[in-house]
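Each structure below is given as structure tokens.
Two complexes, one shared chain (chain A), two partners (chain B, chain C).
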Partner chain A sequence: MSGMFVEVAPPTLPASNVAPAAAGGRGRTARRVARRLGRGVVPYLYLIPALGMLIVWTYRPLVETANYSFYSWNLSPTQPATPVGWHNYHRLFTLPELGGSVWRTLLMILGLLPFTIVIPVVVGLLSREVRGRARSIYQALIFLPFLVAPVASAAVWQWLLSPRSGAVNRATGSSVNWFHERWPALIAITGITGWHVLGFAVVVVAAGLASINGDYAEAASVDGASRWQITRWLTLPLLSPTLVFLVLSTALLFAPQWTFPLIDTLTQGGPVNATTNVYYLLWEYGIQSFDAGLASAAGVVFFIGFGLVAAVLLWISERVTIHDN
Partner chain B sequence: MSRITVENVTRRYGDVRAVDGVGLDVAHGDFLVLLGPSGCGKSTLLRMIAGLIPPSEGRVLVDGNDVTETPARDRDLAMVFQSYALYPHLTVERNIGFPLRARKTRKADIRRRVTEVADILDLGALLSRRPRELSGGQRQRVALGRALVRDPGAFLMDEPLSNLDAQLRTATRTEITELHRRLGRTFVYVTHDQVEAMTMATSVAVLNRGRLEQIGTPTEVYDTPASAFVAGFMGSPPMNLLDAEIVTRDGRLHAVAAGVDAPLGLGHLGKPGEPGEQAQRPAILGVRPEHLSLRPVADGDPAPEAGGSGGGATLHGLVRTVENLGSEEIAHCRVGSAEVAVRARRPAGFTVGESVVLTVRPEHTHLFDRESGRRLVWQPDRDASVPAARVPVAT
Partner chain C sequence: MTLANFDAPVMPGGQSRTRVVVGHLTLAVLGLACVFPIYWLYATSLRRPNDVYEVSPLPWPLSVGSYRTAIDEINVLRLLLNTTLIAVLTALGQLLTSLLAAYAFAAWNFPLKRVLYLAFVGSWLVPFQVAMLPNYVLLHQLGLLNTLSGVIVPNLVSGLGVLLLRQHLDSFPKELLEAARMDGRSSWSTLWTVVVPNLRAALAALGILLLVNAWNEYFWPALVLQRHNDVLQLGIRSFMSATEGDDWGPLTATAGLACLPIFIIYLVLQRHVVSGFVRSGLR
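After this line comes the complex of A and B, so read on.
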């Protein structure tokens, strides 16, 4: 008997299902397009309020700042702004204040890192041993300074650091005039800011620690690792995204911005500019000297500078941090 | 050498007893599977053996030494976690070498051991990768490698296959069994998958609500389940369990229910007509789906109420659905108010909507107490002068 093998064909759709749908009339097509367009617009309608706020309060002022940096103007509505080209930038880079304020901002960042990284990590690791309600109370106590208004805490610290009757000098037996000597003033401003943000940083670190899967520490302890080895080899590396976030916040937020109310109430940037950081300099140029052009030029320079710092830090963080998957 | 003994261990969380007075003795080289549904306390028990959770009561012993207070790191056990818990920032090589690094082993020795283990598990090409660059199966093998690298006394595994797809799970099951055979170490393995328990274990401990229901070889646990819970947990589909009454009829014991009459093939109870001491007893009748055979109702069949014909038990039912498993078919029938599954080789000739008679041999019926759920076994009365239908609770 002769024959042949025939391959079983893969399944195909029946012809009637494959046939294209019959085209409707022109009016129907137009309605369909309109409906599709209507559907496409809806998501953007939801975005309008948020985008509107961003444009009105962030991007428009940014563009205006860039614009004013090329004018000379004393902020008076009756006075016209006169175009001066790059003159404001030229002045900014020839005046000695800029370099000094950048340097002091850097010192503040370095001085704040113990408060935003070292102490929170130590406190976070130790407070993991505290269980239940006691832990919440403990964290609430640490967080409390963060809720004190900066001006109020400035008043309290002014009193604590008073040269003759202050508790600090009496306890240490020193006679430092904290807010009227160059280095002590810088240290005081940095220290009080650190005291302020410490609670916040502790809470951030605690949240970071809580988000690390407990299986790692358990696996490591069965693997024979000591508590210190687990901290060094697992917990700290896995905490790195949180730590990078805190470094970023310290550099961009705490040191330049959150020091401002303290500087303004305690030292007004003095003595001899010893506590003038970039933000305070900006404020001096714009609001105290009524030099809108120079302040705008400084604003643009700091905007670009901080943008670069943020970009570099984010780039580094992408390289060094480990995201728990 | 590692023999693991758990003595009357209890773990309480508030008022809840996650593990309740469990005792186990795992001999050296045994493969013990802790089996049970989620929430039965099997993982908690394993974690107490590992030293990750302290027991509220009881003791844990390794080779006769009380390790209840010993920290996990000093117990000489290795554990594979359900999540694998691979350290995400370390390469495969560093992950596997971690236990040796923690024990301050020399770098050259770590490298040599890691290479050996990687060869066993076929991970050689992946040593420089990080966990997130691995597939599920590869991660699972790295977790095994980390357990193997330091040659521990015993291996503890917490549902290590539950994150793998079905095909990989079957393959890895075989690999772990092979590994156990080759290493000759003690394995304690937690799973909710009875197929894993049946195929891998040398002994199975079935847990329910923190209590030990039964411990025995897979064959014992499957063939003679010690409780209705075990019977209803093992097998796919599991044993059919029907509420029934044990009655004496013509001096013999029958388990009867709506549409069911099962002669139990158990001794005489005195002379015919003389009622037994215990005329009726509520029970649960159990029959495995594969022990039921099916035929359509014939004209000569007695009515469902009239009782069984011949020596076997009969169940009168209606076929409701039929599942085709490829090699076998499973028919779900309604018998009285109960659902009964029947399993047979294909083609079994089940037709949906058909009235059928299911038969089973007496030795394939199981009885459980309706209150306690424990297995009932027949104990022939030694004293023949006192005929009594006593169905004592055993085990």
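After this line comes the complex of A and C, so read on.
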């Protein structure tokens, strides 16, 4: 497929563009060189829109964030930024918020794993014999919360978990003030996020189970393996690529992106920072306290940490994944 | 192996009745549990304003009073229009830039190809919170803060879109491209007359996925539209904070309206929506 379009015939030039014969061979050569250069440029022309946007809105800001982190600035156009060296990093690591927010991010990821791994696998194994139309209807229902806007879900969950009149407390007879007590708030945010992403995980696990070749199980059962043995030693190992993918999504995608709108609308990180994870902390530093230097230093530290975590997870996943060859 | 067993391992004992029943029960219970909050959202919004605190499972008698209040208090129709505009333009823009870039990667070899492709793959490693401040400053300089364009413009590229479309294009029969070249077509006309018609299913699935994401997007609108709550997601939020969050009728009515278009798309194109998301891998 190399140079698939390199030989594309050039559009026929309008007569007026054809150089007069007097220009002779030199003009023609120049044109040929120009044409060849032009062809080399073609793929880049197709890339320009996407690549330009990517540079302007993703990679340029990354560099600028690194730059801001050495200045003290309140984001005001009239206020000059003053260079402060490593001071912002020093502040970041002496402030108590960073460690706490990292810890709470980990708790949220751990709390999401039952929703993205345990329940989907159990449900997937229990429901393998349900097929056809019934199955797709169930899956459609289970998948629905994944399409609900996080703010809309914040609205309905605030009502469901309302301390005195909410359906949850009335049904269970509890009097927990869900979004105003430390642990309940953390559990609620994690649980609502879990509700959002559960359907996605169920459908992914079901697809993973369906793609496992039935010959292995058949052979094993001919050899006298029990149902549980087949599940433990065949099905789950063959499902491992799917599970690794779900762990990665949970840690790198669901925990960061789905929790943010819920935290911002339901608890604003409170009570007393109980639901402030690293993503919300960056928002607080930058947009609420207008502390561009500190926010940028946190952004840089966080970007490096995020990259390291992603690399380690990918490396581990290479080791533990069993591929069906 | 028979066709019926194609998608699941054959288990000793085969399809015992209990197992099928257990399967149905598990899926039904989970399905109901997942849907209940959504049901409750619409049930509350359809109660008579005086009955909002009721917890009877069926909202009866029905009333659209809460919807009327919501439309009176915040201009829901305008928000709906704005959100539609933003979501459609964002999704179309992302689809177009992704298509062009994926075409470049699939059809040519050129210097720096690998590096440039990695730039797209790696873009998800830069969370938006990290890039937020410089982008905020740039939007300010461009005069796009508190405008709808300010929400759309920074989101006109989708790394995922490029990845997915390139995968599709890589498995595209090269003979077709070759034949178009023999016909003397330019690469541009080949794209629109050969590639796009054959890629329609993939483009539709990706388009739906991008549309849903853009519709539900919260972070950028919250950052850019701080002065006016001009999209549905922010309208719901303003309701939550303005009413101290206990005006449940109008609040659930707004939230219900905000979800309705996506649910309708889902109802019509269910299979495509699910497979679009599942096949997307890492979003």
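By our rule, the second predicted complex is superposed on the first by the 272 of 325 C-alpha atoms of A that agree within 3 Å, B and C clash if a C-alpha of one lies under 4 Å from a C-alpha of the other, contacts with A are read in each partner's own complex, and residues count from 1 in each chain.
By definition in this document, contacts are C-beta pairs under 8 Å (C-beta built on N, C-alpha and C of every residue); 3 or more make two chains touch, one makes a residue touch a chain.
Predicted model, so just to flag it, every value in this text is computed and none were measured.
Legend: residue contacts after superposition of the two complexes on their common chain; A:Tyr216 is shown touching both chain B and chain C. Put chain B and chain C next to each other and count what each touches on chain A; the higher total goes to C. Of the two partner chains placed around the shared chain by superposition, chain B and chain C are both touched by A:Ser226. Contact with neither chain B nor chain C is seen for A:Thr242 once the two complexes are overlaid on the shared chain. In the superposed model, A:Phe260 makes contact with chain C only, not with chain B.
In the overlay built on the shared chain, the residue A:Thr275 is in contact with neither chain B nor chain C.
After overlaying the two complexes on the shared chain, residue contacts for A:Thr105 are found with neither chain B nor chain C. Under the contact criterion defined above, the residues of chain A that touch both chain B in one complex and chain C in the other are 215-216, 218, 221, 226, 234. Of all residues in chain A, those touching chain B in their complex are 213, 215-216, 218-226, 229, 233-234, 237-238, 322-325.
Those residues of chain A that touch chain C in the complex are listed here as 1-9, 11, 40, 42-44, 46-47, 49-51, 53-54, 56-62, 64-65, 68, 75, 77, 119, 123, 126-131, 134-136, 138-160, 162, 165, 167, 170-171, 195, 198-200, 202-204, 207, 209-212, 214-218, 221, 226-227, 230, 234-235, 245, 248-249, 252-253, 256, 260-261, 264-265, 279, 282-283, 286-287, 292, 295-296, 299-300, 302-303, 306-307, 310. Of all residues in chain B, those touching chain A in their complex are 50-52, 71-75, 77-79, 81, 83, 85, 87-89, 98-99, 102-103, 131-132, 146, 150, 156.
Listed in rising order, the residues of chain C touching chain A in the complex are 1, 5-13, 15, 19-20, 22-24, 26-28, 30-32, 34-35, 37-38, 40-41, 44, 53, 55, 96-98, 100-101, 103-110, 113, 116, 119-120, 123-127, 129-138, 140, 154-157, 159, 162, 174, 177-178, 181, 184-187, 190, 212, 215-216, 218-219, 222-223, 232-234, 236-237, 239-240, 245-246, 248, 251-252, 254-256, 258-259, 262-263, 266, 270-271, 273-274, 277-278, 281-283.
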